[in-house]
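Chain IDs A, B and C follow the sequence of writing; residue 1 opens each chain.
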Amino acid sequence: MTVVVSASAHTLGVDEAEQTVLAGSGGAVLQAAGLCREYGTVIAVDGIDLSMNEGEFLTVFGPNGAGKSTLLGMLAGAMRPTAGSVSVRGKPLLSSDTDWRHRIGMLSHKGFLYGRLTVEENLRFYGKLFGLSDLDERIPARLEQVGLTQRIRFEARQLSHGMRQRLSLARALLHDPDVVLLDEPYTGLDPSAASVLRDVLDELKDGRRTVVMVTHNLREGLEMATRLAVQVAGRFAWEGDNQGLGRKDFERHYHDVVEGRA
Amino acid sequence: MSTAGMRRGGLVLTVLGLLGLITLYWMSFFWVDTEVNQGVVQRIFYVHVPAAWTSFLAIGFAALASGMYLWLRDDRLDRAALCAIEGGLVFATLVLITGPLWGKIAWGTYWTWEPRLTLTLLLWFIFVGYFMVRNATEDPEKGKRFAAVVAIVGALDIPFIHLSVVWFRSLHPDPVVARPDGPTLPVDMLLTLLFGVLVFSLLFFGLFLFRYAVEGLRAEADLRARSAA
Amino acid sequence: MSTYLTQVWAIVWKDLLLEIRSRERIAAMGAFAVLAGVLFNFSIDTTTTRPEDVAAGLIWMTLVFGGLLGVGRTFHLEAQDDAFQGVLMSPAPKDAVFLAKTTANFALLYAVSLLVLGVFSLFFGLNLGQNLGWLVFVLGLGSLGFVALGTLFAAVSTGTSMGETLLPVLVFPLLVPMVIYGVGTTTRLIDGRPFSEVEGNVRMLGAFALAALAAGAVLFRYVVEE
C-alpha cells in the first residue's frame, strides 16, 4: 500500500502519465495522473498526480487562486482536464459509462439544493437521479445522521446556513459514495454548525472511504487528515503524511511553502 | 500540412481564383448572351448565385469540422470551422449586397422575400450568432464548444428553412415572369454559372487556407507567450 | 431503461413542482400573453384589416416571445445555489437531463399557448369551430419544436457573459420554419379550411420538432460540460 504523491512538471507526457495509472491501479481508489486545466491563457492546475487508497483523508491547503476547486472539479468528473486523466477504482472518468458517478459524492460551499423544495424532496430528487430504490429508509437515516429529522418538511430556503450545509452533506452522502470530495465545506459556518460538520466528517473515517478536502483555512481539516498537501499556482508545492504536527508548527511550515522558502 | 505548405496552397488557390474571377467577369460581360426578359442586369446572377453557393458550402464545411471538433477535441478542427464561417460570412454578405442591386432593377424593389435571398439573410444571422457566442465566453474552450453547437444546429436547420421559405414564397405571386433557373438555362448561361461556382469555391478555399494558417500561427504564438511567462 | 425514465421524471417533477410553488415563469408568461393580446388589438385598424386575418400570426408571435421569456430563465433558476451542478454530477445521462428540461418547459409553454389561443379568440372574436382540436394539436407541435431549440440555446446563452440577451439572436433565425409552417397552418384552420389542406405543413412542424429534439439530446452534453 505505498502511496505516491508527487508534483510533476507540466512537461510530463500523457503517455507516461497513463502508465503511472496502470502501474498503480492495484488498490488505489482514486487516481489522477498529469492533471492540467487551462482557462484560456490561465493555467489553474499544472500537472498534479495523486493516488489515494481506502481510508485515506487528504487535505489540500492553498491560497486563493491556487486552483484547488479546479482540481476537485476534475476529480469529481465535473470538469474536463485539459490534459491528464482521473480514474476511480481503475475506471477512467468522463467515459461514456457513468457508473463511477455512483462512487463520488461532493460537498461544496454551494449547497446544490433547490430552495423551494423541502428537505425530503431535495433528497428524494437526488436519490432518484442516483437510481436509489430504498429512499424511504435511506432518507430518514441520513437526516438522523446530520440531525435534521425535525426539519424534514421545511423548505430548504427556510433553513439557516448551517442547517442547509448539513442537508448538503446528507445529499452528498445519500448514495454512500466511496470517494467524498469537500470544497471549502466550512465557509460561512458558525462554530456550532462547524462542529456538527466535523462530527459527520469524522464518521467518514471508517476506513472504507477516501476523502479529499480542499481549503484555504488552516484551522479545519488538519486534525482529520491522514495526508496533507499544499497547492500553490496549480501544483503541489509540498505534500506528505500528517505526522501530528501542531497547528502552529504546520502554519509556519505552510507559509514557508507558499512563500517559496521550503 | 505545415504552415508554409498551407500558405503556398492558399496562394496557389487564390491566384487561380483571381485569374478565374477575371475570366468570369469577361464571360459574364462579353461572352454570355443577354437574358431576354431582364436584360443586362441579369448578369449579376453569375456573381450572386456562386456567392450563395459558397456560403452554403461554408456552413456545411464548418458544421462538419465542428462535429469532428466536439468528438476529437482537436483545436485545429475548431480553427477550421472558425475560418470557414468567416469565409461564409463574407460570401453571404456578397449575396445580400448583389441581391438587392439586382432586385431593384429587375423587380423594382430592393428587398423581396425571394427564397434564396431570405435563406441567405437567415444564414448570415446564424454566422453572426456563431461569432457572438464565441466572443461572449470567458473560457475559450467553452466558446469553442458553444460555437460548434451553433454551426451544427444551423447547418441542420438549413433544409427546413429552405423548404419553409420556398413554401412561403409559393403563397405569393411572383413579381417577375421569368427567372433563369433550373435545367432550362441556355448552355452558355449554365457554363458561365458553373464556372462562377468553381471560381468562387477556389477563392473560398484559397482564403480559407490563408486564414487557417494565420490562426495556426496565432495559437502557436499564444503557446510560446505562455511558456515564456 | 426504467432508471432512465425515473431520472427524466424526477427532473420533470422537480421543475414542475418548483414552478407550481414559485409561479414565477407561468405568471410572467401568462400576463405577457394576455397583455400582448390587448396591445395587438390596438395595433389593428379594423376599418382596413380583419382581425381574424392576422390573428394566427399574432398568436405565434406571442408564443415565440412569451416562450423566450420562460425558457430563457430555465437554467437561470437552476443556477441558484449551483443546484444544476449537482444534477450534472449525478449519473443521469445528459440527454435524459435535456429531455426532462425540455418536457418541463413544454408543459409550461403549451399551457401558455392554449391560454393564448383562448384569449386571442376571445379578443379577436374568432370562431374556431370544428378545427379546435387540430389547432390545439398544431400549437402543441409548435411549442415542442420551440422548447427543444429554446432549451438547448438557453443553456448556451446562460453560459455566456451576455446571458439571456443572446438567446433571441441565436434562436430566431432557426425558428423561421416553425413560424412559417405554424402560421400557415393556423391561419387556414382558423379560416375553417379542412385539415387535409394543411396536412403537409403539420408534417413539417412535426419533423422540425423531432429534429430539434434529436439535435438537442445529442448536443446538450457539449454545452453543459465544464
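Just so it is clear, a residue touches a chain if its C-beta (ideal position, glycine included) is under 8 Å from a C-beta of that chain, and two chains touch if they have at least 3 such contacts.
Fair warning: this is a prediction, and the values are worked out from it, not measured in the lab.
Contact topology of the protein chains: fully connected, every pair of chains touching. Comparing the CA-atom centres of all chains against that of chain A, the greatest distance is found for B. Looking at A-C alongside A-B, one finds more C-beta pairs in contact between the chains of A-C. Of all chains shown, C has the CA centroid lying nearest to the centroid of every protein CA atom. Work out the mean CA point of chain B and of chain C, and you get 31 Å between them.
As a whole-number value, the distance joining the C-alpha centres of chain A and chain C reads 39 Å. The centroid of the Cα atoms in chain A and the matching centroid in chain B are 49 Å apart. Each of the following residues of chain B touches two or more other chains: 138. Residue positions of chain A with contacts to 2 or more other chains are absent. Of all residues in chain C, those that touch two or more other chains are 225. Of all residues in chain C, those touching chain A in their complex are 3, 6-7, 9-11, 13-14, 17-18, 21-22, 80-83, 85-93, 225-226. Considering their complex, residues 73, 76-80, 98-99, 101-102, 104, 106, 108, 110-117, 121, 125-126, 128-131, 171 of chain A touch chain C.
Considering their complex, residues 70, 122-123, 125-126, 128-129, 132-133, 136-138, 142, 145-146, 148-150, 152-154, 156-157, 160-161, 163-165, 167-168, 171 of chain B touch chain C. Across the interface of their complex, chain A is touched by residues 138-141, 222, 225-226 of chain B. For chain C in complex with chain B, the residues that touch the partner chain are 149, 152, 156, 159-162, 166, 169-170, 172-174, 176-177, 180-181, 184, 201, 204, 207-208, 211, 215, 219, 222-223, 225.
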